[in-house]
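Per-chain numbering from 1; labels A, B and C assigned in written order.
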């Protein structure tokens, strides 16, 4: 098992380093191999983690059910997007491709490493590394928008992580009071010492962690970098940012939540998460209307889903917590699909503006319907996994007495559904010259591809979406037994210390 | 040398020391500054000769000016001569008349003198004098909060705002002098003193640079003995401010703790030495920095304000 | 009469702290002052110098705490942190900003949204808020009383203020690094016993962050031909 850990930790990084030196095609192939292998290795951890915790190197490397769920989300996207990127980087030159693959693998490495870290300090470092690498990846496309988005992203996210570091310091202080001055910020002992920890530092640490790591999760009001970064990054990177990075940062918040719940009881942590969750959901539901850029639209959808996760945790009922964990995985698949589909559209129509995209169903015989299905999945239509998870969350909310919050959640999710489908319908079903002349043709740079050329840009960009769809269906209809065990174990860990 | 000096005599000596020593301190600063510039410089006693010369000159007054124009220098000097009664100049123990006013009272008297001079200058109708007055009043208003916060620091440290009490507290242990609150308040006060005495970086004390003048311009229209009084007044203000800085904040040692003649004489010498030392620091600053442009004086004042506010903050949580 | 009144009025003050606590407080206060100095400095070169001075103070504080509490790890940390943040980071920053080596040229000046005086006054408000908020927690480490943590809190807020008030990428980057300094101060006060390996990892992480910031500044500079962020308004809604 230690070998599995080490391979997961080393393989993506090695691939990233190699990608600098080998030709682009080899780098692409290596990335695909690395992605699929990592995902397979993570899958192999599932049976073990469903029944017990794995810990090596005196607790510095640790995987329990909670970690493995987030690893699954990252691992799947790593594999799927690696395949997708083969088709995507065909349209760019070799230097770009090399830099892209190096960054991509390093990014995936950092995101895979974070849930395996058994110490809050190493967790912070891993998340900081993801920030730094992803900032470079956002800037890799050489446009004004990318440079602006990258600067905003790195500044805001790093400032937020500064707050998270402060939270880690206070967590150390609280832990050191009970566990001794040379306490190394290991998570498990801290949770177990929960009720003996001094309350004020823990409260402060939790609040700072929600604000600080919440910057990277995209919670209101520190989400402002998110639409810019996710829309200006190259599509594979956007998929990973939305599907995995937000989740990994949320994982960090969940660790602090465990400590806070163990020490303060569940009142204060849940109220905090509820407040931030509802605010994020409200903001997202308002902003999905009136979006012109398809990736920006999807970015706000990510804000919405992270808000839903936060609200789900705040409900506290076991079924709600199970819903949250399922949601993390299903959202990764669905958001990955959506971004990958949006990427195909961008390549096909030469622009990110939705006003330039028309008649998608006819022109993109595979990606069009798949994109529509992804949008439906994001809006929680059955039988996608997201429907199941949101259903569980709402059921948990109603069961634990948070009627208002559950009702607000349902209403706002419906609002977002309207926003998303309205835009998607425009892209897929309207024909040019239809009822859409209101939209101005202005967009950045690229000339409009004349309509009528039917065909997919690349098969590499379709297959991963099919895989994602399959995952969504499996998660929605009949999650495998091991996975359900894993989720329920994770929910138990979250619910009671 | 163990004769006891009666208290009233000590009181008188306080005023006399300040009154007679002020021009000397001014001379010392001028001399040091000249030496730093590589010149021989004027004699240390030159300000005395200047004052004497001015007293022999004739007095002229503008036609529009009223009695106030002539009374102003007298009022100002009277106010300046009252302040040494309130602050620890020679002794560690408060003298009877020292309870007439606290540190705020001293500040009030300084402000009164400044106001009177400024009004007299406004009376004359001369453009330069009015320019100096308006500038002086504006910038004084900006530095007032700084002075207030310094007073608050004093008050928080000692529970009163008697300068004698603060001096005693600072003397009580070495740790007091390096307390952040104390250091910050002293630094803020020093910056205010540079401003009040018209030194770099606020104003050039030597030469007449009309467009930059603040303090110097206010005495433009006075002449003869009244001008001598004004100059003497500004020297008095300088020595008083130096005394407050040295005897209350920075080096409150060397003061007489008894009424013995020897101690008192030693205290006089110590005071003049300390004031001369502060003067040397001012001279070095004069030679090292350039004058700030007028609109940057607000930045200077905000920096002083920052120091004073931080001084108050650091006292709040203890350990400051 | 005189001494009685003196006795009544004097020494109701708080006792001054011991040597180490006093030194820690003084260093923290100086760091805060340097933070304000960075706020007021127009030239970016001078800002970087102030940052180097601030980092040097952190190393000195680490040595003070190490001497006070007998943690030999902290000496190593002080040395490493000094080498990295006082020498390497300013060097990297100046290289990336393309500041000419010739000391006579004034270098690049940053741009403000508020004038320096107003910025200082606004930051005094921020500092007060941070100061009293953190002070109200009454969290104190064995090495420094609650005052140092409160000053660290004030510094964090002022560093955020610096990032807000300045409108050019270089000043914002320096603001972020001074934010890291403020958090290191808080960590020294509260978490002095953190294992050395973790602190070292933090430091190297900071170095990587510096490099990335520098690369992005270069990119921005290359695109916009200036360091100002006033035109970064393309992405909205």
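Operating definition for what follows: a contact is a pair of C-beta atoms (placed from the backbone, for glycine too) under 8 Å apart; a residue touches a chain by one contact, two chains touch by 3 or more.
Everything numeric here is computed off the predicted structure, so don't read it as measured data.
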Legend entry - Most widely separated chain from subunit B, with each centre as the mean of CA atoms: A
Legend entry - Centre-most chain, if every chain is reduced to its averaged C-alpha atoms: C
Inset, instruction - Please report how many Å separate the Cα centroid of subunit A from that of subunit B, as a whole number. - result: 66
Legend entry - Interchain centroid distance [CA atoms averaged], subunit B/subunit C, Å: 35
Inset, instruction - Could you please state the distance in Å, as a whole number, between where the Cα atoms of subunit A are centred and where those of subunit C are centred? - result: 33
Legend entry - Residues of subunit B touching subunit C in the complex: 93-95, 156-160, 162, 164-165, 168-169, 172-173, 175-176, 178-180, 183-184, 298-299, 301-303, 305-307, 309-310, 313-320
Legend entry - Residue numbers on subunit A that touch subunit C, as the complex places them: 119, 121-122, 125, 128-129, 132, 135-136, 139, 144-145, 147-152, 154-155, 158-159, 162, 165-166, 169-170, 172-173, 176, 181-185, 200-201, 204, 227-228, 231-232, 287, 290-291, 296
Legend entry - Complex interface listing, subunit C residues touching subunit A: 137-139, 141, 156, 160, 163, 169, 172-173, 176, 179-180, 183, 186-187, 190-195, 198, 201-202, 205, 208-209, 212-213, 215-216, 219-220, 223-224, 229, 232, 234-235, 237
Legend entry - subunit C residues touching subunit B - in the complex, by the definition given at the top: 2-3, 5-6, 9-14, 16-19, 21-22, 25-26, 29, 32-33, 36, 40, 115-117, 120-121, 124, 127-128, 131-132, 135, 145-147, 150-151, 154
